[in-house]
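Alright, structures below, take your time with them.
First chain A sits with chain B, and in the next complex the same chain sits with chain C.
What follows is the complex of A and B.
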């Protein structure tokens, strides 16, 4: 896969009046590929929201550089162009819904980007479809009358209507129940498949992204400790507890299978795991 | 250790609740009993009525049908609301919305001060609560400068300063990272061992698996209650209640289908390994 977004030695400090600036991010480097689901993981206060906003071009690094494709994002024109390619879903985005109807709320972004008439309508309908919201049913309603999960997806539709090539989501699963999380995940998968977009999910809860993400950038105290594959996390080469996180139970299970030397072709398939466990028990029971 | 007889209870009897102007009932005929010295997890999809139930128990909401006796006091009697708030302290999801004072110590003293206690008693309660929660070292700090997890511990200490019989946690762990959540859960278990009743509303089944008893609500009704293994052990049932079954539970379910049942099911990987080696 081709490199889509690259951060090189990026640092950022929030200005604090009368004090030395507190570095929220120090020397972070990572590369996200086209069509990849990439996770930025860290405990509360690790700097992951800062990193998300740098990835979305909202915060401009104090040092280091961002490359989009092969081009360095330098200067105001380049930054403006970069921001159009990247969409950011803030934490608790439902707090930012404001229009008097769901359809108008979703249309806000693309309208600002100059879309009009049929083109605008198509963008809104397409985005609502991707997140599984029926405009016939909900389009004319106030966004404030929606359930928590529907609000979150309406906010996501507003971002998707801009057709970003990179989608950054800051703690998108907080406060959603199982069904809400599953619906949001399937919206993300549809968008990635349809547009080949890269998706960056920021979270402190690895279990929420476990089936989706392929690589995990681990952050602690504003420093990037490394980018890990799922297999690295399963084999236990990182002390997640020291980073304020926990391997999800599916990962614990995979780790246990590894330890017991039980091979499973697809560790995301419960039936395959069960089959392997059953065979192992039969084999060892015969001794 | 007091016997069961001396334990205070929350008795929920045929409880219904309809929000003003709402078309449907948020709670429909709920019957439950909670007692001190036990740790309960309250689960259910969004909108199932969990928070409404918690709010009915500590008299923030008055039943529109049935009744709630919290430690023997009928929550419908407006004049006793203060007594109930003393006995059932509540902690909410977002600690930022719960901080009112400029130091941690003052924050924890806020509740006891409102009870009109004498200064030495307030001092004693604040010290005890801070020590119990393990944040005595933060006493002089500004609450809003603390981490999310620390803030939530301050909120819990504030609740404990009321010296309650029950602690009601309305998703108090949902915004916390794992370390902070782990610390809060540990604290809940300690409080239970000390004889307090803890009722924890959560989305995390791994947290619920550690409770003494689980109550699941759906569409305002109690649809499951009992020990975790019984209420959360069947993956299909768990999914039908809008909850995500645990990995070990899902695999144990598949093993059953393959003709290798795991007796009693499994809620964690350890239980699967035990079965494997049995």
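What follows is the complex of A and C.
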């Protein structure tokens, strides 16, 4: 796969009135490929949200550089163009809804990009369809009257309507019930499959992102400790507990099977892990 | 104006004697300063400005940060200055088109502008050297006699202190919303004023919704923790006035009055 977005040695500090700036990100570097689901994981206060906003071009790094494809994003014009290609869904995005109807709120982004008439309508309908929102039912309603899960999906539709090539989501699963989380996951999978978009999910809780992501960037106190795949995390070469996180249950099960010497064909696939356990039980007669 | 321009309400901690002065004394000193600023003329106001600068340095307040607070009133200062310069009768020192600037107008314009600026600096110095909760405690203590007139002093000061504490929160929230709407194509850096004005609504509407929602939740949370107004409430840290702080306040008031005779 081709590289789509790369950060090189990026640092960012928040200005504090009358005091020294507070560094939030120090020398972070990562690369996200086309069509990849990439996870940025870290405990609260590790700099995840800052990194997400740098990835979306909303915070300009104090040092280091952002590359989109092979081109460095330098200067106001390049930054503006870059922002059009990267969509960011903030934490609690339902707090950002403002229009008097759901349809108008979804249309806000594409209108800003100059879409109108049928083209605008198609963008709104397409985005609402991707997240499973019925515009016939909800399009004319106030976004403030929706349930929590519906608000989150309406906000996601507002970002997807811009058809970003890279979609960054900051803690997207927080506060959603099981059905809401599953709907959101399926919307993300649909969008990636239909548009070939890269998806960056920022989270401190790995269980929801585990089936989606292929690689995990581990962040602690503003520093990127490395990029790992699932087998790295399962094999235990990184102490997740020390970073304020833990493996999801499937990962723990795979780790335990490996410790007992039971082979698991694909350590990242829950079905393969379950299959390995079942085969072992069958072979040993263990019930 | 960006959030970082609003400096009133932002406490800047430092281990200085001025930071430690009892909030009630600071209120009295600032009140005396404000009265004197409106009494001063010519050189007195210049001398007071120098005195105030020395105090800011003693309190280790960054001058740039204090000056930022003046940005909020620059329109008032410019309008005041121009009205005084062109509408005050006196000896004409400049004439152009249908406007005439007079020497008395220039003097009054400079004086009134200086008064507004010093007023803002005094208030900024007060909030920058006193945490919001202490400000509210001091205000409540000073206004306590009003309760005999059935004024709900404690409730009013609680509202003021919560408002002050929430200013940085609201600023951060608005900065977050600006970035969120920028991610959806809103252009707050556009040279087109109309477009910028249009893009304000997507920030203001959710900001108001969030602020009212948070205020509601805070009220419920305070209710749930048995808050029932001021009567019978005790203090975690009772206020005490020490000799040094009383002396400092007296010195400030004395110097301020003395400067009127410069």
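Methods note: the second predicted complex is superposed on the first by the 267 of 287 C-alpha atoms of A that agree within 3 Å, B and C clash if a C-alpha of one lies under 4 Å from a C-alpha of the other, contacts with A are read in each partner's own complex, and residues count from 1 in each chain.
Quick note on the criterion: a contact is a pair of C-beta atoms (placed from the backbone, for glycine too) under 8 Å apart; a residue touches a chain by one contact, two chains touch by 3 or more.
Note that the structure is a prediction, hence the values are computed from the model and not measured.
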Query: Regarding the shared-chain residue A:225, is it in contact with chain B (first), chain C (second), both, or neither?
result: neither
Query: Touching A:98, do we find chain B (first), chain C (second), both, or neither?
result: second
Message: Touch test for A:162: chain B only (first), chain C only (second), both, or neither?
response: second
- prompt: A:56 contacts which: chain B (first), chain C (second), both, neither?
  reply: second
- request: Give one of first, second, both or neither to describe whether A:113 is in contact with chain B, with chain C, with both, or with none.
  value: second
- prompt: If you stack the two complexes on chain A, which partner ends up touching A:87: first (chain B), second (chain C), both, or neither?
  reply: second
Message: Residue numbers of chain A touching chain B in their complex, please.
response: 43-45, 147-149, 174-181, 204-205, 241, 244-246, 248-250, 252-253, 256, 260, 270-271, 273-275, 277-278, 280-281, 284
Touching residues on chain A, where the partner in the complex is chain C: 15, 17-19, 53, 56, 58-59, 76, 83-84, 87-88, 90, 93, 95-99, 108-113, 144, 158-159, 162
Message: Taking the touch rule as given, give the residues of chain C at its contact with chain A in the complex, in rising order.
response: 4, 7, 10, 12, 61-62, 65, 128, 176-177, 179-187, 189, 201-203, 205-206, 209-210
- prompt: Contact residues on chain B for chain A in the complex?
  reply: 45-47, 93, 147-149, 171, 174-180, 182, 203, 206, 239, 242-244, 246-248, 250-251, 253-255, 257-260, 268-269, 272-273, 275-277
